[in-house]
Amino acid sequence: MPNAVADACYALALANRIVAYEGVLDGFGHVSVRHPENSSHYLLSRSRSPELVEPADILEFTLDSEKVTPGDVLPYGECVIHGEIYKARPDVKAICHHHSVAILPFCVTGKTLLPMNGLGSVMGATVPFWDSRDEFGDTPMVVTTAAQGASLARALGPHAMVLMRRHGATVVGASLQEVVFRSIYSHRNAELQLRAAAFGEVSPLSEGEAAMACAYSLRERPMGRAWEYWVTRLTKAGELPPRMSRSPQEP
Amino acid sequence: MPNAVADACYALALANRIVAYEGVLDGFGHVSVRHPENSSHYLLSRSRSPELVEPADILEFTLDSEKVTPGDVLPYGECVIHGEIYKARPDVKAICHHHSVAILPFCVTGKTLLPMNGLGSVMGATVPFWDSRDEFGDTPMVVTTAAQGASLARALGPHAMVLMRRHGATVVGASLQEVVFRSIYSHRNAELQLRAAAFGEVSPLSEGEAAMACAYSLRERPMGRAWEYWVTRLTKAGELPPRMSRSPQEP
Amino acid sequence: MPNAVADACYALALANRIVAYEGVLDGFGHVSVRHPENSSHYLLSRSRSPELVEPADILEFTLDSEKVTPGDVLPYGECVIHGEIYKARPDVKAICHHHSVAILPFCVTGKTLLPMNGLGSVMGATVPFWDSRDEFGDTPMVVTTAAQGASLARALGPHAMVLMRRHGATVVGASLQEVVFRSIYSHRNAELQLRAAAFGEVSPLSEGEAAMACAYSLRERPMGRAWEYWVTRLTKAGELPPRMSRSPQEP
Amino acid sequence: MPNAVADACYALALANRIVAYEGVLDGFGHVSVRHPENSSHYLLSRSRSPELVEPADILEFTLDSEKVTPGDVLPYGECVIHGEIYKARPDVKAICHHHSVAILPFCVTGKTLLPMNGLGSVMGATVPFWDSRDEFGDTPMVVTTAAQGASLARALGPHAMVLMRRHGATVVGASLQEVVFRSIYSHRNAELQLRAAAFGEVSPLSEGEAAMACAYSLRERPMGRAWEYWVTRLTKAGELPPRMSRSPQEP
């Protein structure tokens, strides 16, 4: 296995654990990354809670979400979320799908998620809302077919994040670091908007502020500082993923 | 003691600790399981906080909640909750009674608990509400007589969970794993419903969605994935129960 | 130092740490106990955060809150709360004064604290409200004179707990174990009442239920079960107080 | 490096970690202290999450926020907050800038932060509100120019704390210990005000009470007691900063 792929597998396990440790992912949800050497493939763990993901759990998929990695380990039932978005959005290099306790009140009520402060604005000025009933009627509230994944990707459009009615959120980014940063700070923005509602109706940042703050926050310095912080917290908690002892192609 | 019973005792201690570690049980509340080799008996810890339960604490009871295990250790005052439900519901293999901080606001106000999302729908489309005053007037707010346990079992009816006015909840399942899964995700559903109320009146999943999502979530894959997650968390916290060094029949 | 006193000092350090570990006390607040061999004296730590109290920190006071223990260590500024209540209430054997995050919203707004459920009813059917302005006008919001302590004791009257306007709560009991139990469960009752308010106006348990549940909960079995739970949690966290290596009379 | 400076660097690292450990600072925000031997300089960490700051990270700045310490390590983008306030307020010896989860709902809604109880009154009777749009229009919601820092210092005026619209808070004090105390207890006051709002409109302490309680709480005894508590908590968590092994002037 080339070093770039091994590095990507390690970084992806780390990203899963960071987003879980910071309270956005729990037993369910997942983070993926586009394959570093083949942009028509992506990497995603086998079906496992994100807090437990190890580099050796990472599988390789085509953009049609067909598993390339041999062996009979089970992928997530919702891997099409990742495949269909990578297909529709060549600029997207990493994706996080989650059901955080802060985001869900918005998914359940349809309340619009608005940028509250500078860091919150990294979720983008507009967060569209996808309702699976529009095209699919009653479902088990999971995204398991290519058609559903493609519908979600259309709802996402050019944005950085999409809310899914009564289900959760899907967050995309130009890098793994960016998607981690956006997942965590959009989660906190949601928590802030909910708490601020105790004082009445809440308005957003001005459009100009949101755009400028988003650009400012997504620079290397703040993202690097936050990354160091999260990795250190994970390290102190003894939660770093183990280094891979075998290749995912040689299970 | 047969292996199946020893295994059930260990699994029951584990289940008590998982539900406590995930914040549903605290100093009070308890989980039981139907006896694996004698469906007219059930297993339940001696009176002890669920976070501390060990396999050696597990006692055996008849469905009339008479303690079969010799020795003078004290059972829970509310063991009739378990006995009367096992009596009324042959399909039930495990029961959890708790007073979680998320459920209690519903018990106190009579607010209807509604399925908010896919995982929340595992509590069933309808969660009935039992008011002990209807048959028993003023009580110390505990269920300690067979008549009270039978009344609660009637209120539960064919459902998966019953709220108890100003007291807590009782959750049943077809297996220990299912009752753990349902206890945790109904607790989170309640928390979500309470939080979403900050944005106004909250409606449930559609009936079709709730039914499909419930069936989907109770399959082996999602329940197994969550179980691995919870056991790993307990393991990392050093909270696994000790293996039994003596039989409950030989105290 | 007699064994009964040494035991009382250890139990008092333990009680301080339990109530802190369970989130009721923080950097401020204190627990005292009546002297086990001299009912006109009481025991209370030197001025120190309750989470840190050790048996060697315990000082002896008269009911006029004069320090009997020699040495120049500093007592709490508010020790008169304890002395004046022990003076007014011979039945009281232990006292906890705190400013918990759950109680303070009631102290700030004057909202009546009501028994929500069985365990919450251990705070008693009525929790009176003391406003220091009534007799003392503007103060620094601390109880530091005998007159203020006596005023608070009058407001407490025959009850088990008194709220102090914009300050906190003082909880009394017939034993250290009872005061710990009441402090923790009244704190949780307050949290429950606040959370339930998200669904509208909240009513109390019926008077009969509250009285029966209070009597039921204060029996040895539930209190002992909770005590084992709290001591075990403290032990696992490595937070047990050290055994005293010197007498408080020989500093 | 003189001992007083080394001591100040250690104390500053400690202060950063305390305020982070107590939940006021997270990945962002910072604490500074005026130089102990040169009142026209101040000390502030290089750009790093406060929970991670070590004595060796501390840099020296002029009041124009020019870095005096040689080497190419990166300062915080917002160091002008510190420089401009030290310039405008000779009485200020330490500053904390943060975006705590309790303060932000006030920053987002413009709700007035009011003293709720004795300890909360250490934030001062009046907490002014600074809106960067008034002088600077749309910005990236950070304070990075001397003009912005000076504007913030004017808004702070003679007060102890200023809220920054949709951004956070800046807290000042006569010592590092005081700024830590004020940062933590104003944060808790904000949390209390938000929670109390569940019961309706919330009023402040009387002016006289707030002034007397502020003076009482800022004495050495309560501040020292809290400081011992926070340092002990940090010690038990294994989070004390390492002793400096090299001088900041010799990187």
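To keep things simple, chains are lettered A, B, C and D as they appear, and every chain counts its residues starting from 1.
Here, a contact is a pair of C-beta atoms (placed from the backbone, for glycine too) under 8 Å apart; a residue touches a chain by one contact, two chains touch by 3 or more.
Please read all numbers here as calculations on a predicted model, not as lab measurements.
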item: Smallest number of contact steps required from subunit A to reach subunit C; value: 2
item: Interface sides of subunit B and subunit C: same vs different residues, half threshold; value: different
item: Rounded Å distance, subunit B centre to subunit D centre (Cα mean); value: 47
item: Centroid spacing, where centroids are CA-atom means, of subunit C and subunit D in whole angstrom; value: 33
item: Overlap residues in subunit D, where contacts from two or more other chains coincide; value: 198
item: Category of the chain touch graph - line, ring, star, complete, other; value: ring
item: Of all residues in subunit D, those that touch subunit C in their complex; value: 116-119, 121, 188, 191-193, 195-196, 198-200, 202, 205-206, 208-209, 212-213, 215-217, 221-222, 225-226, 228-230, 232-233, 236
item: Complex contact set, residues of subunit D against subunit A; value: 26-28, 47-49, 51-52, 74, 77, 99, 101, 104-105, 107-109, 111, 133, 137-142, 166-168, 194, 197-198, 238
